[in-house]
């Protein structure tokens, strides 16, 4: 979007723009990207990563009592997966510099929006009203229900033995 | 997708020689109704929005009537409004101002700038034969119709149209029990908003594609006229901000219809019903809404700024002062525009620390606006100013934008905002920006490009009368609102005079209402001039104003495909009064001129 | 370019038509008028002539919304009525006229029929004054409220309904409004009496009411007015709250009564006191409509049924059940004073299913129930309880 | 900076007044600012708007979720991680197949391209099918946001007790309950017999004036227990630890259930997965249309563009899966 | 029409903008169309900021509008003294009119932070004086009663009629029962939205006795305009007396005559 595009190719509208641009686009590296091998490798990596994030759900995950570790891990895995998809499947790795212009602002704005929501909506429990507290779920309720469940299970076990 | 790039001329060829009865109804439909020609679509937008402008103006008058003389019989339209012995019901009043804002913002200002002018001007000014995707372009207009229908129909459903304010804050808007007009009216409002959103989204991606890919040879980005730059940045704003509102709109729609609770907290007792389920947060809507609607404020003014920049240079016969800074400041406004939305929420219960962040960024956004104002002044300085109607509107845009911009600083100052938030001060502020600013810019644009649109010029004398009356009355209406704001007079009150603090403000309000009536009445002159000139105005040549940009090289009005020659651009759009050149303007397509090149080199 | 031109011509025609449409619809608004009680008129099968006669008589006796007048028998003060009636005007010194239309008509309607523009939307519906039944008062169940009762309601509003407080109006203004409410109620009751009187006409009357002062004032208006006048002397006697019993014991006793068979509050207010007991009952003015609707659905006379259904659709709000109060909210419609609760339990609520305890429950027991009810919002710790700091953010 | 280097036939025909149009149509030449086709550019721009759309939805979810005092565990709301993981796998496969379709089309192997395209369509449909199955599982447990609310209550409090009592008091239910009470014990399974006893208990509990939150927690546990089994990891995890409640044993009861944080969970879950599913469905529609074309090099750009869209849909799911199923 | 005269006419029309603009602001206070009387301790800092910004923007307004007028007057094409100046811009000027406003704006931004923090961030450490619950369309008030704690049986309930002591910190706990409202005290320079589900602290110190309006400043439905309250500022003794009086009224167990004697 700056001056270095001045010498860009001139196309005739008579031919379809896509055709014309096909040359512009692929002229430099004629079908040099992609290929079955790369896609399969990416596919396997994606499957592996999915399994990795699923790992947190299994008993083999060592940080059960620190959910934050799991979350961070999963987000990292997700970002890696997203990156793989964007780079290879969406061919971004083979594209010119415009990819930064399009993707980075959107990503930044999306992040900024979420970050700005946190002080208000994410931390809203600081200023909760009584009427709302009256109807809101509370950790103590979960405790109550777990106790009830535990009592039932104990009873069931007692009956079984 | 690629099918849409069709450039075949046959479909919409309305040329005189090819006219005649060909194809009957389907020909009529494809030429005049479902046309894919960007000019026809632009004019469709123009006529639709002008009609809605009329509706919005009448709604505003009714609002003003109630504010000035609460509970008294409404004249002329009284039969429509009368509910209890001739007086206007307060919920009707809330509906009026809600729909006034909604109509003006979503059906007038945004579509008239981006839809009408954007469509008409972008291909012409960059030297393209049409938009990149004409079918998509047509769809973007026809997606407005469900919105027209939804907003229009909402007046006639039970309970009336939406009355939760154009900001549609929950829980007033999400809870059906909270307001009489919060039934179908509000739902239709959300549906309409979604369609406006889809239309804008289709339009904006199309504009961006067109501007990036379809510029004439030699038309570099920094040779684009300001109008196109503004349209481009507006499109970027729309593309990135609007989806957030669409998402929020869906969430509110689901809150209303499916029983989700994104925006309603638990234990909320509305209209004595049982406490509702929820888990949501009203502030979430405000954040999402203003994430769009603050940039939308710039969507509503940037194109006008661009058009005014172009018009000022034409009639000052002088290059734009600081072209690149102007471009950067538009980009700056757009960039900063995304991080200041919180200033609409200073009093909303938002985290006060967050308020400080937003306050600082808000202060900073005044900066590019200031730069633009000074550059406009710089453009006038040393010019040869021709007082055409278009120029008068453009100058008044600058003059009024100064007021609107400066009053914004009061609101940006958070402690002062505590007092003037939601008072008439803010009403004055945004009317100075949107009416005295954008609408003036729109009129400047209409008077300026009318010859290109219809091949005829508008009557200058009546144009000036129109300008004079509008200018006087608009200041009479809106300047005094600052004073009301200084007393703390709140907006949206059906009757404020039973408060001791505001009791003495009635005469001033009555004065404003008289001015408002005058302002709307003066538009009759405009309407008459517009319609008369369309058919019987003096014929205009290709370039009646001796302007530089590409659209003036095309026939007036341009035929299908716009240009009857291949435009090649050799210079920027503002080469007026170049020393050593025999005429006072050098069109972008004029062949290279050595004297001009030398002058340009010297000027930099 | 003919293409653009003919397209433009068409569009401009549209534009002109649109403008013409927008400007049309002009016209003066008719002066405010009282609406006839069409539901009753239809029910009594009045002919249009008869309806007209009732309207004429009523206008002679009560005037119009802009210009009310009253006969001395009503005991109403015309000066006060003038302040409340008419269109909203405020003169140069800020004195307001048209108070009723500014503050009340929007919900209660100009006629006081509870059919104002907002009425259908409100929950509960605004009071229809025409039957002359008022809920929250210091008199026995069947009696009219005193003037002070009306003033009190205006002053405090009715929490838990859409009736707001008018505490900030001046005493004169509140007084005028209360007077106007009585005026509308008397007018409505007289209208009802007149309409019902057709039922007793014999052939000699030729379907017309006798327009004698003796009949009009003596048999209809005065009967209505006298009951209003009698209200002042019909106050409920309130014994002292028993002082020999401490609050906790009183509450315990009240609880026993609440769940007991005699008071049987639990039947409607529910074992949780959330008002979740029997909740499918109707107000006194909705019940007949529900029944009438049932009757109309079954009747052979289709023409009559369709006319009546039309009238019900336009002049009666869709009946809603009246749920028993949720006593844990701490919202008391008739006022939160112990005295108010005593009145409610003693006399019941006129028009609502809440029965009078008078006669079945001893006065001191009523006081115990009052104490128990007042303790309910605070009964469960952590419900509407003490304003404690919010729980720390914690999830599992 | 000077475009005049490009040789273009000059045709300056602007002699003012000559306004009645032109016969020939000039084929205009352009100077694209980016080395992209129009279709690809507009698709990328469209995807940027989609990024913001999902950013708003996901952002709302994140703040609502982490701001909530209590959020249900996946098993409380009958969310199955293995199914989610499998669905992720399905989408990844479909992403690969569409890329392969593109490669095949570029290499003029139209038959192969069609095969991959069809496979993509099938995988996408499979995804939606699994999604529908999952939705069905939620609906059958009464987990959905519907006016005024689904069966979900946030807390085992008096309001909950009252709602259970109200449901048990509905005439239709009273009849069924009577039938159940009168059914001879030998016509019931052991589970149903136990359940009948606990149902009687529940009826007694919610009718009593002395109900306390703890009793109501027991009631809630009888009606629909919150699975706790997999917390410690000592059980075999997943559904095997899922105790069956009254609502499972007598589905006609449809008694209110308690899932702390369940209302908001249901709202956000259906919002996010719903909009994602709509995007998937749109993609499938376009695939179906594309199948009618010859998928050769000429249409490769079209496949590439819809492929971009499809990868984006995949991308959204990549974030949805851990956020909804695993967090 | 003589085009020079036309030019003069239009230039003068635009000259009216600064003249009348300033005139309106100058005349308004004389007719009491101005900031209402301030009775809050923090008020002067807000008003001071208002006047400061008014002065600053006023100067900018006058200067720019006069420049505009002057350019219109001077560079009228009908005077035609040669062609327009051919100038593309000026880096120096651009820098000047970027840096000066930037510095000014930054100064305002920093200058006001303290006032903002006083009103919205530095909450006094005390228990709430009163709870204000906004509701369609009235202000329901709850005083903590004798035990100083809200949510106990001795709370005092009132509507629309707020009383607060003078010269003391007053902490209001603001809630909403149904929709958004905004608690606006024009004379105390206080405005705060009441948000359903939230409990928002509002504090001030009143410096003068008297009765003032409470206004709702956020659209809350059809009756928004009538959501009027009254705040009465009185001395501590009067305030206590008033509280006792209201409390006795609320606890009345006997009609009228017994109003003075509070039960239990």
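Labels A, B, C, D and E are assigned to the chains in the order they are written; within every chain, residues are numbered from 1.
Methods note: a contact is a pair of C-beta atoms (placed from the backbone, for glycine too) under 8 Å apart; a residue touches a chain by one contact, two chains touch by 3 or more.
Treat the numbers as computed from the prediction; the structure is a model and nothing was measured.
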{"item": "Between chain B and chain C, the fewest steps along chains that touch one another", "value": "1"}
{"item": "Chain of greatest Cα-centre distance to chain C", "value": "A"}
{"item": "Inter-chain centre distance, chain B versus chain E - centres from mean C-alpha coordinates, in Å", "value": "29"}
{"item": "Rounded Å distance, chain B centre to chain D centre (Cα mean)", "value": "37"}
{"item": "Whole-Å gap separating chain A and chain C, where each centre is the average of the chain's CA atoms", "value": "58"}
{"item": "Multi-chain contact residues (two or more partners), chain A", "value": "1, 3, 5-6, 10, 13-14, 17-18, 105-106, 109, 113, 117, 121, 123-125, 127-139, 142"}
{"item": "Residues of chain D touching at least two other chains", "value": "1, 3, 6, 8, 19-21, 27-34, 36-39, 45, 48, 51-52, 55-56, 60, 63-64, 67-70, 154, 159, 261, 301"}
{"item": "Shared-contact residues (touching 2 or more other chains) in chain C", "value": "1, 106, 118, 162, 383-384, 387, 391, 393-396"}
{"item": "Parts of chain B lying in touch with chain A, wherever the complex brings them together", "value": "2, 5, 7, 129, 132, 212-213, 217, 220-222, 240, 244, 265-269, 275, 277-279, 281, 283-284, 287, 291, 338-339, 342, 349-351, 353-354"}
{"item": "In the complex with chain B, residue positions of chain D that touch it", "value": "1-4, 6, 8-14, 16-34, 36-39, 41-43, 45-46, 48-57, 60, 63-64, 67-68, 145-150, 152, 154, 159, 261, 263-264, 266-268, 270-271, 275, 301-302, 305"}
{"item": "Footprint of chain E on chain B - complex, ascending", "value": "89-91, 94, 163-165, 169-172, 175, 178-181, 264-271, 278, 281-283, 316-325, 347-349, 352-353, 355-356, 359-360, 363-364, 366-367, 370-371, 373-375, 377-378, 380-387, 392, 395-396, 398-399, 402-403, 406-407, 409-410, 413-416, 418-419, 421-423, 468, 471, 475, 479-480, 482-484, 486-488, 490, 492-496, 498-501, 504-505, 508, 574, 576-579, 584, 599-600, 603-604"}
{"item": "In the complex, chain C residues that touch chain E", "value": "103, 106, 118, 138, 156-157, 159, 162, 164-165, 167-168, 235, 238, 240-241, 247, 336-339, 342, 374-375, 378, 384-387"}
{"item": "Touch list for chain D against partner chain C, complex", "value": "19-21, 68-71, 73, 158-159, 161-162, 165-166, 207-209, 211"}
